[in-house]
């Protein structure tokens, strides 16, 4: 129902502390945008600026084409779900849900209709007359969501809504939110999390925040397959992408890199002749690595220090490779007896990234 | 903590004992006054209050009854019962007691055991039996004034409500009670309302100069209020408020502000930020957020301060004396007690004690019924 | 008119008046001046929000300025004038105070009070809080210790006058002395030590306050830290001193300073017990002695009191500013 446009948005606390700089972002109607990033990178700050809870110190925010920098939160047509749920402890579930509607002086019929609809969607009907303290964590979370649904906002804002739930409940609620989104295809949602699984599963597009700015915006798969920079490459995916230092030795539609540790990597990344001799980092995800027989070309050879058998996969922790001592491989199935042995690993060229000065050569 | 294995019992005993001793120490002064308030003047000066619950050996004195005089040879004999003596009888309203000893000299009133005849020389002899009957033999005619004797007898513990009667029926006490309520109720509610709004503004609203106002209020916590009495009374007189209930409400409300704002702000700032922001997103103005969210959630702190302010205004003597007219119609209980009772009957401990208890009865009641709020409110207000 | 009815009416007017102020002024702001409707709704809301803090604060600020700030400033000015207030004498009142042995006695006694009373009542409060927490009858004990808080200082003085009475049939102290064959003693005339007998009264009143707050703080300590110490082999005393007390130092400081401030305000006890005789004067009661008689001096004493509390006050302000977001 709504579009958002952030133009050069920034936040400075007390005139000196820069938290965010130059955020440019366009959000379309019906999108579910997820802000991810390490803790303290400004995700909540950005969300709260969109909500109007935090003053926008630089730049401009538009909702539906209208500049809302100076519009108070209640007038922006947004609803917010807080990490702590922020339920009013002295009000019943029903009163919590109707509070905003009553303040807006909606008619009794409208209020009743909205509440019963939200309660039905979220299966809260049996609890409407309870106080929040008599609900479980998951139920409280649903009330918090219900409270925003009844207002029928243009934009839903979620600030780490699942991080207070235990693991099993988190998965279940995540799926509920995804389903909820499907029942309301027109609504625009912005969802903050530091959990990349939530980001990957829920988002139509992910915004990765780092170093006071946006590191990359894209669909989950774009971020996974073609990270724009080393930060995103390492932030998305678990275990993180391996980065190995090297030097470009052959250019063209495919690029060959000679690695410090002795191996060579071929990447499906186009380079120019002038790039020859460029110092780069080769990025390859642990799950894309495969072991090779002696004689075949390999990206690196490393001694397996530790193995972790997780059942469906086995993680290999390599001893120092080149100048990187945190190289990890992830092989499907169970591999006994690899510990202590030396293994050569390689990967498909289109799974290999090349970064120069932290930026992917793919996006030049 | 309570379930930890192998706790030392010796320590628990020591803790119990220490607390018990402290509690007794704390209670003794009040109990002393409480017991004394139920004793009459004579009992208080005769024995310590700690002996009040026990029968006490007391000394009484009387005179031989000269109406019964008979002559036996050279001797004049007086007989009778000491408990019929008009000097002794009022001390034994419940009938005769048992006499343990008697004497004839004030400085040694228990010289002879009851039932034995005391030979006093010159044929003079006195016999007082345990049941009070006596026989006094005198060598001369006693005339109309019988000879002195002293007896010692156990008196049962005796308590009376007469002190309370005196205090409560003292003219205008009912009016004073109403006046005190008229002072304390608004002087409790008004400052709380003022302070709650101010505390909310200082905790959750953003405006220039906020931190300076907070600093100023903390600074004002330490101003001795005696300072303000004279200039404010002058001001009240100038603007026409004069000495009146309105004046004392204003004074109490103002003097209570620093502590109230300080406590309430500390409490409110501890409320979850998310809840208040959520209400803001829901479309509440600060006034609505305050009334519908913050005020109900701050109940413990409000109650804690209300108790403090109530106790303070109820117990106040100084402000009431300065800001209220001195006429009967506006006297509050503390003034009434201080002026009318303590002033004229300063020496009567029984009256003093019961006056003290009349004035602290309501605060104690309020305190004991509301103390759990006090604890909760203080907890949030000062534990940071 | 029936006094009960009249009382009720006055109460209603007083309480209703202040309530009406808040409701009506906010209504005026939201409905009349800056209605949250129409094309300018957002601008109006923002403007209303600029004004609203001051609506909320106005009664408090006015009351404080009139009843506390103005008297402080007025008193300072008054303290620079002579007894009748018609002649400016600079710091004359202050120098004559310093020259006066009575003032010096009161000052020294007050220092004694300010050191002793907060220390003892905080210490006792802490110990009692800790001990009662583990007792089954702890709450009863706490109520008893806290009870004197409900009694006025004059009432408390009366109670203790009784304890200190010379007559062994009245005062329990002299009764105990008498039972040991000692002569009755007026503890309030005992040079130097009489101060401590007066302080005992304030300690008796104030320990409950310290206890309640500290017990709340002690209960706020994470249980795990204590359990960890138990496993580490600390004995209860060590746990108390090394684990619990350090975690409530902040609260101890609050209690201590609050009591210190109180000590410098309470005149009633000395006033009622000794009238400042026998070298028991303290500054607040010393000030009362001059009040209405020599206001120049009285206000000078008040200013001295304020100066003494200034460090505590500054420390409080710094603390509060640190805690501010």
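Here are some notes:
The chains carry the letters A, B and C, assigned in the order they are written, with residues numbered from 1 in each.
Going forward, a residue touches a chain if its C-beta (ideal position, glycine included) is under 8 Å from a C-beta of that chain, and two chains touch if they have at least 3 such contacts.
None of the values given here were measured: they were computed from a predicted structure.
Taken as a graph of touching chains, this assembly is fully connected, with contact between every pair of chains. Geometrically, the chain at the heart of the complex, using CA-atom means, is C.
One simple way to say how far apart two chains are is to compare their mean CA positions; for chain B and chain C this gives 21 Å. For the pair chain A and chain B, the distance between C-alpha centroids works out to 68 Å.
If each chain is reduced to the centroid of its CA atoms, chain A and chain C end up 54 Å from each other. In chain C, 36, 45, 49 are the positions where the chain touches two or more neighbouring chains simultaneously. Those residues of chain A in touch with two or more other chains are numbered 72, 74. Chain A meets chain C in the complex at residues 70-72, 74-75. Within the complex formed with chain B, the chain C residues making contact are 3-4, 7, 10-11, 14-15, 18-19, 22, 26, 30, 36, 45, 48-50, 52-54, 56-57, 59-61, 63-64, 66-72, 74-75, 124, 127-128, 131-132, 134-135, 138, 141, 143-155, 158-160, 162-163, 167-170, 172, 175, 204, 207, 212-213, 216-217, 220, 223, 226-227, 230, 236, 250-251, 254-255, 258, 261, 264-265, 267-268, 284, 287-288, 291-292, 295, 299, 302, 305-306, 309, 312-313, 316-317, 320-321, 323-324. Residues 272, 274-275, 277-284, 288, 292-293, 296-297 of chain B are the ones touching chain A in the complex. Listing the residues of chain C that touch chain A in their complex gives 36, 41-43, 45-46, 49.
Of all residues in chain A, those touching chain B in their complex are 48, 51-53, 72-74, 78-80, 82-90, 99-100, 103-104, 147, 151.
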